[in-house]
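In the two complexes that follow, chain A is the common piece, with chain B as its partner first and chain C second.
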Partner chain A sequence: MTAPLTPTAPSAVRPQGGRPLARLVRRPPAVAGALWLAFIVIASLTAPLWLPYPTEQQDFSAVLAGPSPAHWLGTDELGRDLLSRIFAAGGGTLAASTIGAVVAMLVAVPLALIAASGGERVEGVINRVTEVMLAIPAFIIMLAVIGVVGTNMPIIMAIFGFLISSGMYRVFVGAAKSLQAQLYVDAASVDGIRPVGISLKHVLPGMLNTVMVQFALVFAVAIMLQAGLAFIGFGPPIPQPSWGGMIQAASQHVYDAPWMMVPTGIVLALTVLSANVVADALAATTDVPQLQIALREPKRRMRAGASTADTQAAAGEGLRVRALAVGSEAVTLVSDVSLDVRPGRVLGLVGESGCGKTLTALSLIGLLPPGIRPQAGEVLWNGHDLTRLSEREFMRIRGREIALISQEPMRALDPMFTVGYQLGGAIRRLQKVGRAAARAEAAALLGKVGIVDAPTVLRLYPHEISGGMAQRVAIALALAGRPRLLVADEPTTALDVTVQAEILDLLRSIIADTGMSMVLVTHDFGVVADICDDVVVMYAGEVVESGSVHSVLEGPQHPYAMALLAADPHAGVEAESQRLASIPGQVPQPKDWPDGCRFADRCRFSTEACRRPIALTPRRSAEGEVRCIRSAELTAAGVTWAAAPAGVEPERVRIEPERVGAAEAAQAPTRRAEPEEARL
Partner chain B sequence: MTIQKAPAAAPAATETAPALRVRDLVVRYGRGRRAAAEPAVNGVTFDIASGETVGLVGESGSGKTTIGKAILGLQRVTEGSVQYRGRDITHASLGERRDLGGELRAVFQDPYSSFNPRRTIGASLIEPLRLRGVSRADAVGRARSMLERVGLPADAVDRYPRQFSGGQRQRIAVARALICDPSLVVCDEAVSALDLSTQAQVLNLLADLRDERGLSYLFIAHDIAVVRFLAQRVLVLYRGQVMESGPAAGVTDAPKHPYTQALTAASPVPRPTEQAERRARREVLVVGGASAAAPTSVGCPYAARCPLATELCRTERPALRPIDDRLVACHYAS
Partner chain C sequence: MAVFVLKRALLAVLTIFAVSVIAFLLVHSMKGDPGTVIAGLGATKGEIAAINDKVGWNDPLIVQYADWALHAIQGDFGLSLIDGRDIMGDLADRLPVTASLATGGTLLSAVLGIVLGVTAVVRGGIADKIVSGYAGLAAALPNFWIGIILVFVFAVVVPVFPATGYVPFDQSPELWFISLALPVLTLAIGGSGFIARQARASMYDALAQEHIRTLRATATPRWRILYIHALRFASLPIIASIALQFIALFGGSVVIEQLYSMPGIGVDLQAAVARYDAPVVLGVVVIATIVVVVVNLILEMATRFLDPKLRAS
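Right, the complex of A and B next:
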């Protein structure tokens, strides 16, 4: 365990790696718990070697004594050394608890694996059986067993483990089923691996952490249970020490010798507590599927050093972004973004994932992820610079003047409340109207977003409506404050094309009716062509081309825009070659951005001159701007980004050093197909 | 998919039999009391010839993935049959499927969950080979050369999935599918999660490998333009039933079934002027909202949304019938 003890610095996309044990080490209570458990185990196991007194040795000169040099922890009613007895009892207790926990796992884990892999019928049978087991009163069964086999703790604990396994199974089967549903399990089946192999190779390793957590919990319960049994007289046969028995004995002397309770009580409590703390820590480190949602999950952000909104209201209407840069302390993620959206217009922000579209959009509404903030430039909304607003000031604008629709409509809705409750609440908050007025307005809004049976839908919960319907509700929610600017982040990406068309129609008619403007983030040029008036193409955090939709989509002048459009199968231009144009390599990570053209490494037309910083310049014989020193020349020559013939690819490839060993990944060999020279 | 020939009974008939023959496939999720009301796949029939790519399109929930899973043996078939090179594999056990020699493989949609994050790329790649008795050294060698073929460095075998981008993972998934020399690969939304330029790279790769190795693909996607690029023939699926099937170009450019028409009309093209025209044409069609769809047990499954629906459509289910070069399940298509 060589993991660093310092917590990793928070960053936007936080690496979620590390082994559970390594991460465990970062939690001090868990470390203390683990150390205590280790101590108690080692001390108990080695007890015969170091115990100061034999457990049964009675010292009548010191009966019911407190701590003394002779008896560090005092003595009991027969003058027996408590220290010796505690640790002599420890071994048996811990061993029996371990047996209980092991049995519970040995029964529950295989059952869960079988249930998860065996199909509905098998799972049904196992569920039925475990339900019956759960209904059995475990304690009474154990008392009955004691009646038969006597106070044989290992056997009793084994039976306890068996009885409690049905509860464990409940926990495990959920984990096993979610792992079993992973695509890599399907892939392994297609490989021809048998179900048992899949369970052992692909499902069990993913469950190990959960198993460890439950093990620790059962272990703790087993210790308590043994103490409880011994307390009521079902402990190990009499002179033999046991923690429960000792506590029971001490309880007879709470008044005349209160100390006697203390050492055993503390050891018992600490041990149980430690097991729980360790289990907690393990549970907190349970692997969650690594979704890269950090940038997608807008969180409220408090900006430090907020100044008052400036009052230069002269700068005109609509949205005007100038030289905006966005980033964290360490790295700039978006730079030099400028755009204008006049009232009633729709601007498309288009590019591949990781190009900074979403960050740009979120900075318009003050919802950048934690740790990320505007670094330079301004976002002028009707003349006010939004980058200077405090969170409180932004609250007055957000929802009322500028509203957001996100990619996941379901995320905008709280699963716990009905559509009507959420929509009504938003209307009351944003429009400051009463309950009845809000309800009427909610129904009207749903009608406006094309929901026919509004009264019914208002009563439904989010999970009861389809994705398309949820997006309509989310749009209604965004419209609740009668905003003048709608920021829509991939509003139709998760929807079927038929539903997408309906939602785009809806947005179009809302814009026509209200004269509001919209910034639409998308990676789909078809959507841009359908609904946008203007478009901004982004690459690696900066604007590479902007202009009217007609001129950019029908005559792109930046090589990246040309390439993207040629790669789009919807363009239907690939017919003769039977191949799509593609761009070798991939978008560079922000930390790898060169000073010069960020597209240079992938550009067919790059030259030495492209290695210098490149500014936006007016497009050739069209409005808008382009960031390429050769665009005028290329456009004049009518060059396009055609598909490369088979065999010219595979392209240059660079391994993402993403989260793991950057040094190691940096050594990945790079290969490059000869770039086709522009025919000029 | 064309007129059914006499079934090839003996496995020896592999030369004449199509790579895949699916007959009247029905898949119903759940059993007994928990059985789904409507089957996810309801009487689907098609063939895939050697070297041919058949596309499967339809909206979410139309049963595309389910068909793929049934063919791969990942989902129990309720009725109907699946034949692979003349051998019935409808209910083939894993062992019997393994005896096919890894000839039926798959590439799945999600580049993030189709690899076990705890195992190296190499471990995932050599697994099918090891199961088929290839020695470890040989298997690793083949994994390395396969990775190079899909455009990745050979030493990717020692890395973990998280070190690769989505597009690279999809290339690795292609490598895993092809490593044991399959003749049929089921690609379920294999490029849907990728960005445009990466999507183009992977589509080109799939096309090259097909031409190079004479592969057959069942190419499943919700995006009809993507299917059109790769497939020779397409099946358009709605609520588990085939609405229209035929040559990819014909079905996408001149669809005959109202549902296919709605699907192609709704898919926007990146040319603003043309898109405005398409939208105008679509608005004339007044297609019923996708949300308006209600299950119909008798009659045409599309009747609730179809602008042309009549009483006949609501009472009688139209059979797939040949019109020109394709099959269409509509009373009024011509």
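Right, the complex of A and C next:
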């Protein structure tokens, strides 16, 4: 057997949405596989009823014959009908394989459940034992077993199931442990349900799909194994037919009757293949990993055509984004984003998760995930439209002019290489210097980002340094090419609070020292207040408000910006109430975006007029823009997004149209609409 | 690291011991007792009993095992019941055959599998489909069937390789190589499918890692991202699959030895089982287990050394 007796684990445990049957039906190869399995099972079980010849009937007029009307699949060396023998052999093979798979499951599943619920010691012991079993040559042990039990296939397959169960256990224990760690399983145990009850009621059902996948895989391996054993003479006693035995007989006639091995081989291969594709389909997941690099190098530019803006380079230094839209072929994910970052300035990009902040940031450095690209608008960097650059042209910008700092420093660094290798490599590439110079520069850079013992850190691997230090290393990497613009995607979110402040200080001093500019993605208004000069608030893929940090934080004019500020415990603004506000509902998915205001469904101030498309307009008595038709009247009325008691959805506030313009008057109904308890 | 190596070595010794005990009990439960096997058909009950007494067959099992183990540790596995040859000496001749097959098959599987799996990911599209199809077929076709086809093509239709037989390396390295060509290729077709599948999945996983984006952000050339950084990340699971492959090939080469008439330990075991030659069965099982456990141990050390996270601890 070439295939290891341990079927490999499917890479992901979580199954694709939908019932197993539905998943099978969606995949044509799996449908074909399931149909073939059904056919072979039914045909083998009913074989005695329809076989054209008795399996032992010899036809000496047609020895070693090819296909003919009398013998559809030909005959063997004794003139026996191959078709009859193949299907006569099927029943026993399939039944014994089923026994093997059932035994493997019966051993492995309980072991996995016990290991997952029994604590570390129990799991440790079971792990050791299965490791030992995995390291022994199973096929050789099987042969020794045959010496004892003879060629009794059901018993041999049961022993095979036992031997292979350690491999199954390895697959199941992961699934069982992740299910056991689920909150609802925890809750059940707090509720006093016995561990066995939890395993059977909550963990086992979740493993069902994985079990079915492994069942199919073991079933396939068992068929192969039986064929292999029969091939070397340990099949059912002669003259009883078996697939392996028939191929063995055929191998003796490969010189004079090569056809003979074809039918049996194909039936065997189709059966194994079918079980495998059914297993594949069951194991298929929707969480296909999002690749970070396009598999095929995009030869085309991201967008066709030359930029119209290159001629308008007079537009000036820095970054200018105009009406940028980003999306895949199916859906637009970011639309109508405009922003400006002049040299030396820091722009904050704020919004809830899923608002398109990160996509906007990544489009500035041309690192959108594969399949997502700029659809419209311009990203002007020193007058050149970056959305029209080819991948090769962008390589000259990345690192050297625009650099990226990621959210999770630990994951942003390559775990397989030392800090020195990664940083030194980047410096050699970006500054075109030699190895020694890069080494010195790397140490200097680490010093610059506040790492004291640079020579030591250069020798360390990412897992050997703390999150804060990793982020410093990542910042050093970003600085390696002396860029003019830093794109920082939530650079402090994954860090401890004390470290956050240090990293922000570091970024601030780098900006001050180098005069570069920065686009900082964050959901934290405290960070914005701390470090940014300007702010752009995004909601559901579009800009809803922009302006200087001071004017937006002190006087937000878009209800969403008001709500975000009211909901942010760190925002350095005077709180209207002591209770934190909440925003009902969730950010809509891109496919659910309405034509009108995308915030309308969650907005306390929305009216029918908000259902029409809304453009950015200048903010009332301040620079910047806002995307709200009611912002002027709301601002004039001085309303706020104050807190409501938990669980009570704030009533929609209705400002009577006739009172618009009369700020004092408008304020009254606003206040009245709020429950008194809201302001403690 | 030293503690870890020691622990693993101890576990390996325990594994070998456990397998030897199990195998000992197994061969003792085999149908034929030594008297029947040696004396052959037509022997009287008295003759059979006399032989059994002489080899100590009726002693307590623990005494028999201790006796066997004491000799085995000194490299003496006893004599074959059938033809009286020295088992250890015989295995010393046979082990290189099986080892050549399994090592050659694993190496070729690894090279082909990694190239195919990486190509599937990097090229994508049609190449990916072809590799997936190849891996699926390779997993579904029994290796002896593939072997017969190869014999038909390369020994019958275009006779470039011998259909059967084995030439020892010290007799003629060139003929040794030629005699191994078809069996190794046979083993490598199935094996490369298995490793290609693993390599493909691991490369996909590697290219979905966030640090790939950092590499791109610092203008790392594409080939460097794919073949240095991603492949290095993917190397650990790939090596683990290569270790599994070796275990499978070493045990599973019985079939291929039979097909190509190679005097390896597999066919020896097969014949011994068929003839109830208990000491030979025991010897082969233990030797094969030792080889597999040791190779497994070495590859586990290698994986550990290659993983920066595990190297230090």
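We take it that the second predicted complex is superposed on the first by the 450 of 680 C-alpha atoms of A that agree within 3 Å, B and C clash if a C-alpha of one lies under 4 Å from a C-alpha of the other, contacts with A are read in each partner's own complex, and residues count from 1 in each chain.
The definition used in the following text is that a contact is a pair of C-beta atoms (placed from the backbone, for glycine too) under 8 Å apart; a residue touches a chain by one contact, two chains touch by 3 or more.
Remember, predicted model here, so these are calculated numbers, not experimental data.
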| item | value |
| --- | --- |
| Partner chain in contact with A:V148 - chain B first, chain C second, else both or neither | second |
| Partner chain in contact with A:I136 - chain B first, chain C second, else both or neither | second |
| Touched partner set for A:S61, first chain B, second chain C, both or neither | neither |
| Chain A positions touched by chain B in one structure and by chain C in the second | 289-291 |
| Chain B - residues contacting chain A, complex | 30-31, 34, 59-60, 69, 72-74, 76, 94-95, 97-98, 102, 104-106, 108-110, 112-118, 124, 127-128, 131-132, 149-153, 155-156, 159-160, 162-168, 173, 176, 195-201, 203-205, 207-208, 211, 222-226, 228-229, 262-263, 265-275, 279, 282-283, 287, 289-291 |
| Of chain A, residues touching chain B in the complex | 17, 119-121, 182-184, 186-195, 201-202, 205-206, 287, 289-291, 352-353, 450, 466-469, 496-502, 504-505, 523-530, 549-550, 553-554, 563-565, 567-572, 574, 578-583, 586, 643, 646-647, 649-651, 653, 655-660, 665, 668-669, 671 |
| Complex contact set, residues of chain C against chain A | 11-12, 14-15, 18-19, 22-23, 26-27, 29-31, 105, 121-125, 136-145, 148, 151-152, 156, 186-187, 189-191, 194, 197-198, 201, 204-205, 207-222, 225-226, 229, 232-233, 241, 244-245, 247-252, 254-255, 258-259, 266, 269-270, 272-274, 276, 278, 281, 284-285, 288-289, 292-293, 296, 308-309, 312 |
| Complex contacts: residues of chain A adjacent to chain C | 1-6, 8, 11, 128, 131-132, 135-141, 143-148, 150, 220, 224, 227-228, 231-234, 244, 247-248, 250-251, 254-255, 258, 261, 265, 268-270, 272-273, 276-277, 289-293, 295-297, 365, 367, 395-396, 398-400, 403-404, 406, 408, 411-417, 425-426, 429-430, 461, 463-464, 474, 477-478, 480-481 |
